[in-house]
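Sharing a structure, written as structure tokens. Questions coming.
We call the chains A, B, C and D, going by the order they appear; numbering starts again at 1 in every chain.
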Amino acid sequence: MPVESTIEVRVRYAETDQMGVVYHANYFVWCDMARTEYLRAAGASYKDLEAAGLRLAVVDASARYKSPARFDELIAVRCWVREVESRRISFGYAMQRPADGRMLATAQTTLIALDSHHALSTIPPGVRARLVPTPDPVRL
Amino acid sequence: MPVESTIEVRVRYAETDQMGVVYHANYFVWCDMARTEYLRAAGASYKDLEAAGLRLAVVDASARYKSPARFDELIAVRCWVREVESRRISFGYAMQRPADGRMLATAQTTLIALDSHHALSTIPPGVRARLVPTPDPVRL
Amino acid sequence: MPVESTIEVRVRYAETDQMGVVYHANYFVWCDMARTEYLRAAGASYKDLEAAGLRLAVVDASARYKSPARFDELIAVRCWVREVESRRISFGYAMQRPADGRMLATAQTTLIALDSHHALSTIPPGVRARLVPTPDPVRL
Amino acid sequence: MPVESTIEVRVRYAETDQMGVVYHANYFVWCDMARTEYLRAAGASYKDLEAAGLRLAVVDASARYKSPARFDELIAVRCWVREVESRRISFGYAMQRPADGRMLATAQTTLIALDSHHALSTIPPGVRARLVPTPDPVRL
């Protein structure tokens, strides 16, 4: 099981705004991508979970922006599990620019388990066993 | 039946890019919104069509960009039907800035009818009867 | 000065995801739109502030999602000022579906003042005087 | 000089819509990314071109959608130069799913050279020399 997983994203022109930096809402998309890769690495591909009738819906999201990301930069997005309960799971994220080590943003999201009709459900025990919480490696 | 319908959109900060203008792909979102309102005005709400098992999927899209749209501007998006066949329908669009009458972009999209399993389908005759082609009011 | 301002947004097809609901990051775009209208109503149009060399950059954003928004729904987005200091301002948001009064999400964002070179700056006193904090009308 | 360059994108959840497929406008973002990598491979990084005062603005864009891309799929996006003139350049694109070789979409965009004040400009000869047109490898 991964304790943490990291993806790299190349900033898209479409992700910038007229301030010349990445628009703040787009960081949550990167978090989503990092979470998808974390789940894949943990042997619980989100695509497969959805095919099996599970939905993980975001119920809480927050981010702190420290330094702007810019067009064409490579950004490393780390993702880890903060807490797991039977019906909900929280992830932490850190976005850093490898070129200079600068921390750009941190974030956290909490997701709840729903079935395919969007009714409250539970995270299957076999999946939950693979999602091991770890202390935050950076301050969120 | 409307021959044409017009919506107004206020340019969102999120729609701009670091060139200081609206990112080109976002104009297709405005076309989609104008098409949705055209269908509603024609008594064929797309939400209702989907609920009834129909999907209209874009198979062809093109746009010509003449002058940039900018943050906070109001943009009028006109939409009309260009052609209708049993399985496909083409729409035309013109995006104009009412403040100075400037034409910003024109576009066209073609959509095909699919059923809820994404198999080829036909536009229901009752819907098709409401979608009346009109000559292009502007050159596309 | 407005104590609060409200906009209505019609959910775009582009804003939905394959879960059949609005993708969570898009709510922050609606908050941004509501903030833009709040500022305009307060006589401090963000477009004019930018033209005068001020930037308001998001440094902190969070949202709680209670019930999903869906395609074609009309959503009311309320915005108010929570706190103002010389260099930073916090806004609160509540997103509600007028059709049934359902609260869909609440959010808050904090922005800092930057100059046109992205250096720390201050909110001009004349602008600050127009941004009057009010107690949260709903629990965030 | 590259005759063609190819990137791979992993479909993001944010890129899907409630039809369960990638929203049509998002393919133009992938084309933009592929063009950025083509230019980098040609020794004419777009970030550097912008820093040197050049802007390439899209004046024409079109796409044909043949088969839908879905969440989590890897999509190969090929990009090549179709035509170059002193003030404008056209690119072609083909989007294919490597897993089964399926062609998903083709596209083309034309861009014009602008200076940093958005006035018409020319593509610097040194850049133009690196952008070598090639016959379309697939039918657009």
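Everything that follows uses one rule, which is that a residue touches a chain if its C-beta (ideal position, glycine included) is under 8 Å from a C-beta of that chain, and two chains touch if they have at least 3 such contacts.
Fair warning: this is a prediction, and the values are worked out from it, not measured in the lab.
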item: Chain located farthest away, centre of subunit B as origin (C-alpha); value: A
item: A-C compared against C-D, more contacting pairs; value: A-C
item: Chain centre separation (subunit B, subunit C; CA means) in Å; value: 28
item: Distance from the mean Cα position of subunit C to that of subunit A, given in whole angstrom; value: 23
item: Approximate Å spacing (C-alpha centroids) for the pair subunit C, subunit D; value: 34
item: Overlap residues in subunit B, where contacts from two or more other chains coincide; value: 13-14, 19-21, 25, 29, 32, 71
item: Complex contacts: residues of subunit B adjacent to subunit D; value: 19-21, 24-26, 28-29, 32, 55, 57-66, 68, 109, 118
item: Complex contact set, residues of subunit B against subunit A; value: 13-14, 16-21, 23, 25, 71
item: Residues of subunit D defined as touching subunit A within the complex; value: 10, 12-14, 29, 32-33, 36, 45-47, 71-72
